[in-house]
Amino acid sequence: MISKQRMKIVSTNQIAKDTIEMVLKNSYISENAIPGQFIHILVEGHTLRRPISIADVDKDNETVTILFKKLGSGTEKLSESKAGDFLNVLGPSGNGFETSTEGLHTVLLIGGGIGVPPMYYLGKSLAKQNIHVISVLGFQSKDHVFYEEKFQQFSKTYVVTNDGSYGDKGFVTSVIPNVGEFDRYYSCGPLPMLKAITNELSEKEGFISLEERMGCGVGACFACVVPTNTEKGYKKICSDGPVFAAREVIL
Amino acid sequence: MSLLQVNLPGLHLKNPIMPASGCFGFGREYSQFYDLSKLGAVIMKVATGSERFGNPTPRVAETASGMLNAIGLQNPGVEKIIENEVTFLSQYDTSIIANVAGSTIEEYEYVARTFNNTKAVHALELNISCPNVKEGGIQFGTDPKMAAKVTEIVKKASNLPVYVKLSPNVTDIVAMAKAVESAGADGLSMINTLTGMQINLASKRPIIANKTGGLSGAAIKPIAIRMIYEVKQHVHIPIIGMGGISSAEDVLEFLLAGASAVAVGTANFSNPLICSDIIDELPTTLERYGFDAVEDAIGKAVMNE
Amino acid sequence: MSLLQVNLPGLHLKNPIMPASGCFGFGREYSQFYDLSKLGAVIMKVATGSERFGNPTPRVAETASGMLNAIGLQNPGVEKIIENEVTFLSQYDTSIIANVAGSTIEEYEYVARTFNNTKAVHALELNISCPNVKEGGIQFGTDPKMAAKVTEIVKKASNLPVYVKLSPNVTDIVAMAKAVESAGADGLSMINTLTGMQINLASKRPIIANKTGGLSGAAIKPIAIRMIYEVKQHVHIPIIGMGGISSAEDVLEFLLAGASAVAVGTANFSNPLICSDIIDELPTTLERYGFDAVEDAIGKAVMNE
Amino acid sequence: MISKQRMKIVSTNQIAKDTIEMVLKNSYISENAIPGQFIHILVEGHTLRRPISIADVDKDNETVTILFKKLGSGTEKLSESKAGDFLNVLGPSGNGFETSTEGLHTVLLIGGGIGVPPMYYLGKSLAKQNIHVISVLGFQSKDHVFYEEKFQQFSKTYVVTNDGSYGDKGFVTSVIPNVGEFDRYYSCGPLPMLKAITNELSEKEGFISLEERMGCGVGACFACVVPTNTEKGYKKICSDGPVFAAREVIL
């Protein structure tokens, strides 16, 4: 269940261009978080909290890792926090990835830019359950690449950059035909990427994680709705999502 | 804690704190954080005659000390609200206020009449910041005559006390307040959001899909205080104050300006426990500034004149 | 840096940045911090027919991302301003805009005529957020007819281009803009402050001695942007935009919304070098968002419709 | 001349109830400040700067000392700054105390609460010029008393507290009759105190430092005017003051 928590910053590092990795300590969230969920972070001087995906969890050390890009004033300010500081967060928030593995053999993870982080904890968890994992990670350019080796530890990993400065040049969609067979895909990244993927892989079972500007982050304000094929006609990204079956949402 | 008690038409509040309409859904989500029985009342998310999907996204944007929203009256419709939401909220020992809206006077009337048949709702809050589709989209809340008309019709359609929620986007807030008072309003609720806009420099378009959105949060507090202070001098019905409240001190400022109770909106998003926290802190805050009870503080700044 | 140049009626600005009226005095104090020749223009502190002392203190209060002020038109009167202040400012290579106010139409007329006789002033900014003492204190700026009337008279009294400064405290800003455009305004200046109040919990009275004050600063930016965007769609005269600007990004947002130049007010108080800093940063900011020149950005968000 | 400067916090200490002493390093301000001037401090998240008097200057170490009380959100936030942080200030601001000492023998300093700080640098400077200094310091209660020993180093010092919990009970005005002869007085403190003093000592030459809510702090916005007996009819506290001849202003 979602709860208001204080998380102590254990460490904070810039691991790629404008990209910060923070390790946060909190027993409640590390205990309860599942892949695909996020934490909703209060940043001083800001009215709205910032949603950031849970990129990894270490239950033994009671830590949660997040990775975020300095984009605007909120993430910029957040990046100035130091080890020892506390973050005011709500979490674990939202519904995570479907991880029932019955009959599952191979999965494909497709992460674009700042959509890569939630793929990491997911892939790691699936690999632990002996699922064969393939990862396709897309970044803007060489400077933005992160976590390649970490993904390689549990998966065959393809990296593409938009400008070709590292790995293959192009978009994640250009690599997908080459990765071989898989039963299910999971994806998180910018909307145009998700649209292309869900179109291209419309025959496959897929789960995607969506982004939207949020108000409450708990399901109360209706800021983050996405139209769906369900009877109600919509779902809330913050509480019903951010993860959805690819077929259920209308992008 | 009888010092927190406030009595308003139809509402016997154990304390003057309630979440503002649209910022608390129908309470379900926030009931994960604390016991809603703690609240003076809950003002529910808007109800219209039938289900509405609302505006395209993005629906919110952040501004300096505030936010813009253009949710667009999304709600399941008055019947479903009574069936599912009022039933849920009724389990708590708190008053329930229904926020009523429509695109026509008839829709307001229908929603008000429908709520009238349920015992569980204690009062109506009339959201007049809606475009009147039959009058070329002019908002009910920016024209004293239209505001009075819809108030009158709703009063006839319902036995529940009616609090008319005023829009701040007007030249003369006192004229609006007087118009709805004369039309039979039992109380006022003020202020709704100020119309604003933010432009995305990269896309060169308004961030909010609906282009304009309603500005709320601490940024608008001085405007809310001014309007309540002005209105309090000219009307005799009580005021539920709102606009940027995020602390017990803010609550006291609204009481002094003339509010008899308050609603907390945007601050729920920064702190889901804000209403509960304020209720805890209010007694000490009142005492620190020399008040034995909430009722003693109401309108004190106005009476000081 | 020709990319920063903007041409408006009577004003050939080397860049679109000017300090807002009342927030920069007559430039003397800020000339300690940088060379005023850097500025596109200077909008002087208000001028009335004769000297005014203004309101009792306190005259300012801080609010969330903003401030309230009730200075009350304190100024040495139009003659002394011409004698001492315009003379001082004339040494700089920048345009001078005089902010004109009065309690009667005749006072406006007098001030405008007096400025007309000095070559050094390039344009008038008509501050219509003043109570009309002959009409029971209703502000010129909240009634389209009174605003049109004062615009017309001032236009007749002066050969200088007239920018009418609109008050945001109105139901229909477009109606105000159209009224003064029809009355002959050469341009608009918007927005002036929103009326607000803050109450001191200890004294139980408004902090500002005048009770209400004008809200300015970042808090009001979304309202300014919305109003400029709306007005831009309906008038043909250029707009000088203002309200919460404190960065080159903010300037671009105002340009996109429809402003042709901008004024920076409250931000001078946090950073006395703000206008100079913004002028330095503006070229890079324009380039980052794909603009070759200020003129290319004007109204782009509106044209995107 | 007033200038925008960065001042490094050398140290920060709570020296009495809610009262912080900060030592700030900056060569320009330490070089140019005179007693009675103030610095105008930008506090994060606040639109208006906070005026704080210069309580002491150490030209050799290029430091300036300020003393302030945690009153509202700005001073509260300021008190959270740590040694090593930088403050964004304007200064030295305003006009300081008249310190021409011709014919001067004995001066009386009267400081009330947070009006005590500017008296310190003034008294120290006058004593260095061999002026005989007497100090009367008023505080709310024992917990609020500060700098008593420091004033004793250059002056006979009387301390009064409103509640009598330290020194004499009462207001500074109750002690003044007992301090003996003096040629001139200087005072800073709450308005009621200044009114009482200027009334009582209307026959003496006096200089008082005034407070008012400020906008610009540089003389441009007319927020901080005080009515005067001068031809113009008013002066600006931020630029003409904060120090005025007692006779010139109308309190």
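Just so it is clear, A, B, C and D label the chains in written order, and each chain counts residues from 1 on its own.
Keep in mind that, in the parts below, a contact is a pair of C-beta atoms (placed from the backbone, for glycine too) under 8 Å apart; a residue touches a chain by one contact, two chains touch by 3 or more.
Remember, it's a predicted structure, so these values are computed and weren't measured experimentally.
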How short can a path of touching chains from chain B to chain D be, counted in steps? 2
So how far apart, in whole Å, are chain A and chain D when each is placed at the average of its C-alpha atoms? 55
In whole angstrom, how far does the Cα centroid of chain A sit from the Cα centroid of chain C? 47
Here the gap between chain B and chain C, centre to centre from mean Cα coordinates and rounded to Å, is 34
Expressed in whole Å, how far the mean CA point of chain A lies from that of chain B is 36
For chain B, write out the residues touching at least two other chains, lowest number first. 63, 65-66, 217-218
What residues in chain D touch two or more of the other chains? none
Chains as vertices, touching pairs as edges: which of line, ring, star, complete or other describes this one? ring
All chain pairs that touch each other: A-B, A-D, B-C, C-D
For chain B, which residues count as touching chain C in their complex? 63-66, 68, 142, 169-172, 194-199, 201-202, 204-206, 211-213, 215, 217-223, 225-226, 229, 244, 249, 252-253, 256-257, 289, 300-301, 304
Over in the complex, which chain B residues touch chain A? Could you list them? 22-25, 28-30, 32-33, 45, 53-54, 57-63, 65-67, 69, 71, 74, 207, 217-218, 266, 268-273
The answer for chain D against chain C in the complex is residues 1-4, 42, 46-49, 74, 90, 212-227, 233-234, 239
Residues on chain D engaged by chain A in the complex (per definition of touch): 44-45
